[in-house]
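Next come two complexes built around subunit A: one with subunit B, the other with subunit C.
Here is the complex of A and B:
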């Protein structure tokens, strides 16, 4: 007679063996966090300013990873939300004198959210599922149109953008570039990262994985796929908006490129290079590309874009899952959903 | 009252009339087979019922409610579940997550975000995997399964939300004889809790599990009735069974 294993025992032992495998990702995350927290202690001031810019771009990259890496929506115009929020807070500071962090960052977040809802509503909420190429071209067109609009609109400063934005403030304290801004940026990055991680590892993340893998299939289960898309796209827009606001105040000016196709493409490269659908891959991709660009532009002033381009091509050709796949197994990259303790 | 009633369904694709006035009635707990030669309109009829295609003309009523224009998601929420002809499990996800995905479809977004139903659904997920003999592979990706096992997984996914009507489009396609036999065994117990409409080329399989049969030919219903009645119909034998 065959002896059968009780169901609960099977699930328990499998749960334990599964959880034992999930160790590399948290280790990478902790290592990146520790390096990030210690960096200003060892960097010269001008490098801390550069590193702050990179951290804000990491936040921006997270916004793209949410829509592409988790939900399979190719937003090739992510700069629309980044730049519109940057312009929005710059106008608040220039025209209304509003620089309080308690007002400008929520405003930037809302602007990114609203623009994403608008663009997403137009591109994603039709009766029939929008193809990847339709969404990619639609968002890219949106990005190009916003760039052109900003260049031609005198109120927005035309080609020159809006210079000399007053610093962001907490009470009477001015947040200027340097270690304080760095730690504020890393604080926002950590909070947003943890929120995204929580959400993507929840049952909602599983629904998004279903959306990414086979949208039609999950519609036949009863999922309201349009709602899922609208929510994740708007959330991603809000995060890009937050990044755009931080970027505008850090740089002290905004310009049309912040809305355009160059930065829209750049964020796609960050995520593809680092590895989409892991969050930490987006952070690593951004840091590596920016660090290598910085180093190459100093060392090989004439040919550095070519070297960087070849490097990116090599990674994308030979490691389509990005740099993170050198460290993480496919299974760990996909991950599990819901509270692991219940498995 | 019939659970499902499709009346006068016509579906035209360009110059091709795939369905030409098809009627179909399914009672509660009935296992109903759809057979017919290739291109007879079986899959199109199934798609019109499930919402993958909107009929050019005709009505579909489910549980007394007209669902002709309803989206697939609305039909699923009303209690209809479909297994596609082409296997469409989610290959990167584990078997466990494939079933959980099907089970949690009607959970609110807030509860999904907070993973509130994960614990409640865990036992159901494991029970479905156990029922379909896949429990030992619960945490493997679906891509690691054989074709036959992927078909079982997909039937389990379709059954997991406890539908009132299960639509199976060629569930034994590409299976070995042994896998077909097991599939029949796996489907029998669900009769107590739901109706089944099944499109299948394997007539022995259909005979074994179905109460009634509908034969389609060139988009029209040729005959409907009990398996014995349909088998003995000369028109059916001429058009379909002899060819088979």
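Here is the complex of A and C:
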């Protein structure tokens, strides 16, 4: 009895000091959440519409952050899942007249998941373990191929895509762009964010982070490395699919660019800029890039992409952990998984 | 006639891929800015043309200009990436984005054409061949042979290969691997510049010229196999030939996609590529 007492106090104090150092991340998260919830009250209507689009892109960025920031899989084809789900729900609405939220969003989720499972299963599973370069190239090619096919396929509207999708409905209520859609998008973002947060702090997330840091060691621990990768890749595809279907109904049309290389690389920029490997980093990166681009696009439309490139290069060179690392210590960013004091 | 078309397109792809392949094989870096080096080569040619000077002068100048720029970029930026290939990919992607957007700003969203320095056609056996395409094929063959000789037969090539095989030993033997890497990157960039200059009369000049070639180039390098000289060339020949030949059989859109998909499947089951092994 006398021996256990000091030990337990040690672990107790350690727990307290650790929790004290751990406050920045939740604070950032809560701040972002509060700003997000209050925003439509102060914004004009057309800005709320723009902000809704940014929120949906945040959801999309989260999906890329899961594969690259956590599992270390370089996916240059995230738009395949985003766009295919967008096209899928657009076809449901156009040809079958299905616009109920209870059907289209699960459908988008499933389409994204299925495409990711197919592409990821092909690229990641198999006898030869896939190299990072191969996965990057394979996903990039997939994105390019889907873009080309959608452009050439008359049923999908060719170059013009599918215009004037009817709005999404709940019962007989039509969800059109504006504050209602905004709050729905932020609701989905919060739910998905919390799910990802939970998942990434579980044993599964720990194994994924290990995969990113040292794949071989995780394999030696007895994890089925390729299976883990395929699972997270498919999950991220499902999230991208959800984002894609929300995006399609919000914009009211889908076009081949949604599948293509441009959107695929844009999401890479968001996450790298904000800070990969933290979920909030993906959100912040998306918001910052989209906000600045909205602000600059009127007066400096031509040089904005150049500035974006320069900023990205600077971040990669000097702040590999992204903007978030300005606020967050390395230790908190990487995080210690499980209970404190039991590392 | 079809065979000539296919051969000339194959030659173009080989030319574009050669620089990419040399950088990827000899330095282990996947240079995502390579497509933009091609674009720059084309742009330099266009500038010289609009200045009223002969087009061929621009084509001679392009590799030197782009090579010099490649050297500067390597010294300033790319050399920081050697330790981490993925970061290199993203960093060079950012570089490419900057170059592409600057060129887009300079030319606007336009499609600009540059005339062929040698016009007309040559009649061989009753068939007419575009002279310029013949010139491209010949120059590609020359450049390929020249690069091969440079890497395989000269002292400089030996140093490049030594720096690739065992950097530590190369440094210990008094080779400045730093300078070698700089020179190799500049050489790869110069080849891309030359490619851009030569193909601009065939394609028109537009800001996204590089992207298409980038994907094609990477697929070709992977199909051929990284680490050797012959690999990327063989891959480029195969990809170029297929890309040019398939549209004669099936619809162009399907053909374009099919080549890439087939290539990815091939790489999946033979990751080492057509030509396995290292060296020249």
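Operating definition for what follows: the second predicted complex is superposed on the first by the 323 of 343 C-alpha atoms of A that agree within 3 Å, B and C clash if a C-alpha of one lies under 4 Å from a C-alpha of the other, contacts with A are read in each partner's own complex, and residues count from 1 in each chain.
The working rule: a contact is a pair of C-beta atoms (placed from the backbone, for glycine too) under 8 Å apart; a residue touches a chain by one contact, two chains touch by 3 or more.
Here the structure is a predicted model, which means the values were calculated and not measured.
Asker: Pick one for A:223: touches subunit B only (first), subunit C only (second), both, or neither.
Answerer: In the superposed model, A:223 contacts subunit B only, not subunit C.
Asker: Quick one: is A:137 in contact with subunit B, with subunit C, with both, or with neither? Answer first, second, both or neither.
Answerer: second
Asker: When the two structures are overlaid on chain A, which partner does A:316 contact: first (subunit B), second (subunit C), both, or neither?
Answerer: A:316 sits against subunit C, while subunit B stays out of touch.
Asker: Subunit A touches which residues of subunit B in the complex?
Answerer: Answer in residue numbers: 50-52, 71-73, 76-77, 81-82, 84, 88, 90-94, 96-97, 100-102, 104-107, 109, 111-119, 122-123, 126-127, 130, 135-136, 138-139, 141, 157, 161.
Asker: Per the contact definition, I'd like the list of subunit A residues that touch subunit C in the complex.
Answerer: Contact set of subunit A toward subunit C: 74, 122-123, 126, 128, 130-134, 136-138, 140-142, 144-145, 148-149, 151-152, 261, 265, 268, 272, 302-303, 305-306, 308-310, 312-313, 316-317, 320.
Asker: What residues of subunit C sit close enough to touch subunit A in their complex?
Answerer: 30, 77, 80, 85-87, 89-91, 93-95, 97-98, 101-102, 104-105, 211, 215, 218-219, 222, 251, 253-254, 256-257, 260-261, 263-264, 267-269, 271
Asker: Can you list the subunit A residues touching subunit B in their complex?
Answerer: 7, 10-11, 14, 17-18, 199, 202-204, 206-207, 209-210, 213-214, 216-225, 227-228, 231, 330-331, 334, 336-339, 342-343
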